[in-house]
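Lettered A, B, C and D in written order, each chain numbered from 1.
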Amino acid sequence: MRVKKVSQGYSVSTKVAVRYAETDQMGVVYYANYFVWFEVGRNAYFQRIGYSYKALEEQGLLFPIIEASCRYLVPAQYEDQLIITTQLLAVSASRLSFLYSIFRDETLIATGQTTQAFVNRSTQRPVSLKKHYPKLWECLQKLLAGNSNGVVNNAREDFSG
Amino acid sequence: MRVKKVSQGYSVSTKVAVRYAETDQMGVVYYANYFVWFEVGRNAYFQRIGYSYKALEEQGLLFPIIEASCRYLVPAQYEDQLIITTQLLAVSASRLSFLYSIFRDETLIATGQTTQAFVNRSTQRPVSLKKHYPKLWECLQKLLAGNSNGVVNNAREDFSG
Amino acid sequence: MRVKKVSQGYSVSTKVAVRYAETDQMGVVYYANYFVWFEVGRNAYFQRIGYSYKALEEQGLLFPIIEASCRYLVPAQYEDQLIITTQLLAVSASRLSFLYSIFRDETLIATGQTTQAFVNRSTQRPVSLKKHYPKLWECLQKLLAGNSNGVVNNAREDFSG
Amino acid sequence: MRVKKVSQGYSVSTKVAVRYAETDQMGVVYYANYFVWFEVGRNAYFQRIGYSYKALEEQGLLFPIIEASCRYLVPAQYEDQLIITTQLLAVSASRLSFLYSIFRDETLIATGQTTQAFVNRSTQRPVSLKKHYPKLWECLQKLLAGNSNGVVNNAREDFSG
């Protein structure tokens, strides 16, 4: 897992090796599987900033996806070593969006976006991140700010203490 | 598999029963799996108008996805009996787009879109549907026209002879 | 969903149409996906005898898989219409086993087996089916008996009242 | 990817991090997904001994699975860091078998086996590995021998030159 700058702003990159299971009879990766890689990307993002998706769930915070999209530029193939680069796009009290770029070497092969809502696991109702998870909220705000001014270079040091 | 009108225009509906494999630990269907259902929907669409996706592939025509998106309105759950309604949205010489609506009973639980390119299997190059598959091209044009004027009621009778 | 005799004994058959998502770059169905079809088979089995897997879970009874196997005889292919035939193989107080046969037309293309334990959802501990779910236990015993003497012809009438 | 001794003999170990996509509503990994990890394991095995599964396919050698099984000892969970250890179990002119052990830290959570046939991609007919791929055949023979006498410590140096 390595951190690099995509355009401006903070991003987290992680690797996936394409599995045979992920291919289809066209000889390339089946389109739905890119969304699984996006999940791998945002999981890495949370871990990199000092949070665990799993731990957040156990504390009662769910992140159901409410919107997802992908543009497929070049087909991914079996045994490809891919880099998924994940960047925070927007955060509000009720939802957050990530932007993903998938690279094979220097080639951008796909881009995508997801939006997730914040939901309380017990009540299954929307929850305000700002109000109920102020530390995570603040951390995400700083990362967003870093996106626009390019200040953030190493989020772990700044945010996960 | 049944045909019904969604807004105006021609659409094909097909059923899926939610599998345990499709759920995740949030207790609902994992978001990437909706794209598999979209595939089930467009497969049904082609069959309904008298074409087989598989047969088209064997004739050398591939339909790689170049864009896909989904909006998740209500979570799908294990054992749900869902209806996927598929409608042709646009066709050009080089690509076609479908619109999907997923219903549980009368409730719309998700909507989505996909765009596919036309590719020659041997050359792996784009191919003009209009030029190389004129019959399918014409059929899709009529279905599109039907979308706007509501004329098409039973595509099978009209187009698959 | 239809009922037919496999060898002797009671079995439940259900259909699946092979999805593009289930294929791999060998041009046939990826081997792990047969286990998903087995799940479809045992879900149908429970429904046929008047039980819902989902409802049982909601009542606190989980059925984690502790053993699974498959023999692949003929590759399944995209758009195949398959029949999954499920038969109860064994039941004890702590576990049950199913036997699966997958057919394409008259051709047997795969066989498999799964064994599931009974676990209490709250405690995550083993639970005795005989003691805690006596009605289901009795029903399964009769189905097993039917396997050996060929008496059971239509389980729904006999057991799901 | 690291090499360690399982019982006696040569084995290759590789890591997987459990994905959210791989869980089901029981809150643990869905049973079919272990077979995907076995695939990751045997891919790593081939790479470790200097072969690429993908390259072999491109040379016309397919390895369809003809038998697969898994025993589930302890459920795998989201975000688990697992080690898949793969060992060659048997090789004949027409097929090969692998043995898999999945560990979470020191805990063995699942074991499994697969058997694959050798098939010529063009003819779709069985092919003798011994006759048509003598170098790979010999390499696998040495690895097998190493399993019984514990001689093989670092296959890469010995076999992939």
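The rule is short, and it goes like this: a contact is a pair of C-beta atoms (placed from the backbone, for glycine too) under 8 Å apart; a residue touches a chain by one contact, two chains touch by 3 or more.
Nothing here was measured: the structure is a model prediction, and the numbers come from that model.
K.L.:
Most remote chain relative to subunit C, going by C-alpha centroids?
P.N.:
Relative to subunit C, the chain whose C-alpha centre sits farthest away is A.
K.L.:
For the interfaces A-D and C-D, which has the higher count of C-beta pairs in contact?
P.N.:
Between the two chain pairs, C-D has more contacting C-beta pairs.
K.L.:
Taking each chain's centre as its mean C-alpha position, how far apart are subunit A and subunit C in Å?
P.N.:
37
K.L.:
Would you kindly tell me how far, in whole Å, the mean C-alpha position of subunit D lies from that of subunit A?
P.N.:
So the centroids are 31 Å from each other.
K.L.:
Centroid of subunit C to centroid of subunit D, CA atoms only: how many Å?
P.N.:
Roughly 28 Å separates the two chain centres.
K.L.:
Among the residues of subunit C, which are close enough to touch at least two other chains?
P.N.:
Only 20-21, 25-26, 28, 32, 36, 39, 78 qualify.
K.L.:
Using the touch definition up top, name the residues of subunit D that touch subunit B in the complex.
P.N.:
My answer: residues 20-21, 23-28, 30, 32, 78.
K.L.:
So in the complex, the part of subunit C that touches subunit B is made up of which residues?
P.N.:
Per the stated touch rule, the residues are 17, 19-21, 36, 39-40, 43, 52-54, 77-79.
K.L.:
Using the touch definition up top, name the residues of subunit D that touch subunit C in the complex.
P.N.:
25-26, 28, 31-33, 35-36, 39, 57, 62, 64-72, 75, 114
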